[in-house]
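Shared between the two complexes below is chain A, which pairs with chain B and chain C, respectively.
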Partner chain A sequence: MSSRKKTLLKVNLQHQPDGVPVIILGDSGVGKTSLMNQYVNKKFSASYKATIGADFLTKEVLVDDRLVTMQLWDTAGQERFQSLGVAFYRGADCCVLVYDVNNSKSFDTLDSWRDEFLIQASPMDPESFPFVVLGNKIDVEENRRMISSKRAMTFCQSKGGIPYFETSAKEAVNVEQAFEVIARNALAQEESQDFNSDFPETIPIHLDSERDGCAC
Partner chain B sequence: MDVDRLTSTESTHARGDKEAVEASGAVANDVSHEPLAASWRAEPLSAAETSKVVQILEACRDHDLPALAALATSDGGLVEDEIRRIAWPLLLGCDDSGGSTSQPSWQTLPAHRDEHQVELDVNRSFIYYPKGESETQIDSRKQQLSNVITEVLRRHPLLCYFQGYHDIVQVLLLVLGAEKAVDAVAHLSLLRIRDFMLPSLSAAISHLQLLPAIMYAADAELCEHLSQTMKQPFFALAATLTMYAHDIQEYGDIARLFDFLLAREAVFSVYLFAVVITSRKNDLLSIPPTEPETLHSILSTLPRPLALDPLLARTTSLFAQHPPASLPFRAWSRISRHSVLKTTRDARLSLLDGEAL
Partner chain C sequence: MSDQGANASHVVSPPDRERDPGFHEHGEPSPSRDPLETSQELPPPPLPPRPRLEGHAGSLRLSKRMSRPQLLSKPTTALSLADVHTQSRADAGSQQTSPTSRTVSRKQSFTHFGRFLGTSESGGDDSASLKSYAPTLDARLDGESMLGDVAEEDATPAWRALSAQIERDDPFEGALIEDDFISSHLQHEFDDLGSVQRDGSNEEELLDVWKAKLKHFFILSASGKPIYSRHGDDQLISHYIGVAQTVISFYQGAKDPLKGFTAGDVRFVMLSKGPLNLVAISRLGESESQLRTQLESLYMQILSTLTLPSMEKMFANRPSTDLRRPLQGTEQLLDGLADGFTRGSPSTLLSALECLRLRKTHRTAINDTLLKVRSPNLLYGLIVAAGRLVSVVRPKKHSLHPGDLHLIFNMLFEAGSVKAGGGENWIPLCLPGFNNSGYLYMYVSFFSTNTNNTGDGTERPSSSGKDDELAIVLISANKEGFFELRKMRDDLVAQLEKNGSMSVIKTAIRKGHATCTDIVPGTVLRHFLYKSRGNVQFTMPSFEPHFQGMVARRRLMSLYANLHESIHTRTAHLKVQHCVAKDATALAWETPLFELYCVAGPQVTRTALAQGANRIVQWIRREEERVFIIGGAVF
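Up next, the complex of A and B:
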């Protein structure tokens, strides 16, 4: 495996093989903790406490016959905790943006969550960094819905084709499917970075030219 | 004879409460106005506890705060909610104001910018306790929690709400009841957790920066093992920000821990976290330092069950052995003199002092 050292929590560590960090962002109360617990523990509770700082869970998944450990960072939604972001965002291989389909403000802020992530995590290639958008709480009755599928998909399309899922953490709708894509994209990102660092794009030709110079 | 005096003090106190409630025009049969009361503790007080209660009440009567703090800190703390209702306001310095009756009703004050976040968090409150109450009762408590938080924020608009504040206020509300909680929460907010209620999180994070220094003093070997994780000790954020109310699931434990924390200067909260870490030394040493995520994950949850009394005793002795000014890395001198870490050491401040800081 790669010998690349990974920065997470601003700490250099020998990266565990196939340990894939994923961060979950979005406004307070959209269901980040519920989604994560539905995915990891197959459970839903109407009474999760508000997340403070960030919580951490892992889940082992098979992606194309490879065992991958997803390291899921669940974050606090309140804006004041964003200043911790850099510690948790950096090193992430996929960023999951969550909003509540019944709350238009939580949809409107997706863009600023995305921007904030890109600024603080500063991935090597921001254009191709994998995001996944989840529109949660689709179990709530239809007449309370504020954001149509079409509107959400248009947004995702405009941001370079971000995969979009409509989920219910409460009724376990689409959660497994969404995280399968999250795992797959995170792993691809992890591998592309390994590739980049193992085979640097810039070939040090100046050495050759220097030698050429000497040969005259 | 002592017990007689205790009984008479309590009944006087209870009568005073009732009068206050009736005088303020509150709905007397609304359960949410009532504190959780003594009901959580079914067994009667032991002889030793009864004599401790008498000492506590004497310290309260004489406004002997050093004696009260010593009693609150020792094993078992302030014993019972009945006693806490008398002692906590004293420990918080609530006796200084008095003029609250002349204030306008908080409902008429301008809304605070964080009220929406308060609502979101209040909806997710009372998760671990009280146990066995109906949904209606819990809803009523949530409404009361929302009222207390909103009143304090509207009366002190400079304060910023943070997620986790609602965990702290919950405890004060359950122990003191709605009537007494408002003043206590205001004092706590301005004088003890003011750093957490500033516009940014940076003062709260500066508390955490003491943790590596305390750990180094307490156990250099373990500190070395955790050094990667300790560079950004955010695993301690939820606990220290909420006076451990976010994490502790037992009502009796959190009430007892508040006895200790309210009786001591604010930095004890960080010392306690260091003691909790050292109490899990073997578990932590078994995880290689190259796995900071795993270490972070262990460190960010408190052990259960939590043996509070021994942990608190060790906290007291760790503080005595390595007081803040003696900590390595000049850690203490980096703390702002306006920080509650420093202002809660000195003479007791009033609410106005808190506003000014």
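Up next, the complex of A and C:
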């Protein structure tokens, strides 16, 4: 059963031969790269090096006894790279939206990151497409905090119950947990896609023959 | 392995200023039929020009005629005196009257041009005042190079006084004097300045730190908006930007653009590029043209981020455009370039790049592998080890522009942002030397090579030093080509592992640079730079054991910069420059085929130095296909 799935998977995905693509979006400086680095390499660096273009990392994870390769796209938050990101929006199985809890602008823009993603990726079923929101840098002193948990959760609720985590890439708080949910949701999405695209594979043949018949 | 066709034989195209403007014989390339077209349906990219030296394409063939001025044993008899320029610090007085030293070593004096002019009361020349010196200077240079062949008596007394001062102020001495100054300042040169507090209480203090920096770069828009400054934030330096803008626009208004000036020991150089003005301010003794080259490179980085048409469009739509926003994130690349210039890099000085030394058969094997795994949308492929080129795969019609390569190397090895994520990268960038109007897409994958396991080439973590890094860089015009190029990377690595090339590369990286005495046993030379002009590549030995540490290296680079400048402002075909100082002797030798700069310890005779130089040239002749990439893998 699962081996059949595997072959189908290979046939159906245009971009990625195997693996589950996940894209990480959010304003510049909120800590996307740091979260990835913490998750994949267990490392944190305090110096800021703005990502140029996009970084691609892979990580093998076990989801219910299945080994899954997550393909993580860490995109640059800076405006001028947004057109590049678009190339990777399509085909993503999960979209992670990151903001900095100490920076209200980065929270305000979450909605437009989400919209932009939905427009560009145009998933088959936008309502059910899996997002995960991460509020990062919770290790910073409490009095600098701008966005309360409550406010963030209300937002996530209003968007159809997006899972929400408060993280610190610096102190490795909640990073594993968040990515476990990301992996699980991405895999579920991948499989539903897999199921859906069984049809397009066969249908065109019928269409072709039909059209051939009609055109004459 | 003879190279047919000049296109095929040059990995790297010479920089702009070496271009032959009259060169058009190839006709326009028509790359649009292949996938190499840059994105956005651009007009076909311009063909990078061929190097001038067609006849000697890619090989160091010293013809009898070329090598006639043998330096072998008796340089004094082999060389026409006019060609040998000795600067002697030790006995400047007697040198004054010797015919070999009537030489006006004007360029060397640039190190302290400012200081010299500042202190010299002898009139006529521009002093520290604001003045566009370029025209007068040019005139002087001409006079000087003629002077080389003219009898001493022709020089006016004032002129002789001038040259006496310059002689005394030779670069080696200068470097000594500056040693303390540089070492104390260079340590803090790259420290972050911090920003002005809200109440402005620390402003004065910060300004002092700011002023103590050895080198500044500014970029501002034609309308005076600040775009970039290496040190200090807007608030701190707005006043200075304002002054710079006023000065620049004054001269632009007068249709006599200011190119530069000196004040005390500080040199100012301005470069105007369309809607941008770039300014370099340096106390490190670089020449005007060297600083100008550095500014050109910063400008290229801006084009690389924005492309020329989109930058021009922004300014056409709104002359007061604030370019900082679209350039966000480019600061770290500009900083990387700027700091590289401040530290001094042979590659920048020579506008050439360095290759990893490999046996010819090994390099051929790597080239063949590249061609074998080449994916259809590939434009350029590079294997780069520890900042040195291992191999290149490229279309027959396109060589690589050294300026473009410099931008790529800076991005990968200096700026740090590419490695920060620790993964593979997909980076849109414009390579202005290739085509300044559109973006290409660059796939980058780093490997660590310091582990002995020949395993699967694990992705390198972000922290280790640049000396053990191996990067595979694949460039395409296809925005969606990531997975295609990634597959090529996988195939390439698998093949290189299989045919043993990977371990050959790793061994070469581990071995590092050979020392001078490895290259020529018993040589008096401590370091050298050899640039093959036809290949636009250079080679050099290790900085160890004589030039360890940032200060020693900066000093050595200053010496090279002075030699380079002195030899480049003369028009003779063959040029040799010989310098003597308390703690070093040096020789620069330029022919149409190569430039060689050698440094030896103090009190090394000119004969010994010349012998050393000649041994290096012989070594290069033997090793040419090992130390340089000739042709590369061409498709």
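Throughout what follows, the second predicted complex is superposed on the first by the 179 of 216 C-alpha atoms of A that agree within 3 Å, B and C clash if a C-alpha of one lies under 4 Å from a C-alpha of the other, contacts with A are read in each partner's own complex, and residues count from 1 in each chain.
What we mean here is this: contacts are C-beta pairs under 8 Å (C-beta built on N, C-alpha and C of every residue); 3 or more make two chains touch, one makes a residue touch a chain.
Note that the structure is predicted; figures quoted are calculated from it, not measured.
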Requested in this report: Would you sort A:124 into first (chain B), second (chain C), both or neither based on which partner it touches?
Outcome: neither
Query raised in the report: Once the shared chain is lined up, is A:29 touching chain B (first), chain C (second), both, or neither of them?
Result: first
Query raised in the report: Is A:81 touching the first partner chain B, the second partner chain C, both, or neither of them?
Result: both
Requested in this report: Using the superposition on chain A described above, determine whether A:41 touches chain B (first), chain C (second), both, or neither.
Outcome: second
Query raised in the report: Of the two partner chains, chain B (first) and chain C (second), which one does A:50 touch, if any: first, second, both, or neither?
Result: both
Query raised in the report: Of all the chain A residues, which ones make contact with chain B and with chain C?
Result: 16, 28, 49-56, 58, 76, 78, 80-81, 84, 87-88
Report task. Going by the contact rule at the top, pick out the chain A residues touching chain C in the complex. Result -> 15-17, 28, 33, 36-37, 40-41, 43, 45, 49-58, 72, 74, 76, 78-81, 84, 87-88
Query raised in the report: Across the complex, what residues on chain A touch chain B?
Result: 8-14, 16, 19, 21, 28-29, 47-56, 58, 71, 76-78, 80-81, 83-84, 87-88
Query - Contact set on chain C toward chain A in their complex - result: 305, 325-326, 328-329, 332-333, 411, 415-418, 420-429, 442, 459, 461-463, 479-480, 482-483, 486
Query raised in the report: Taking the complex as given, what residues does chain B use to touch chain A?
Result: 117, 120-121, 123-124, 127, 160, 162-164, 166-167, 199-202, 205, 228-229, 231-232, 234-235, 237-238, 241-242, 246, 290-293, 296-297, 300
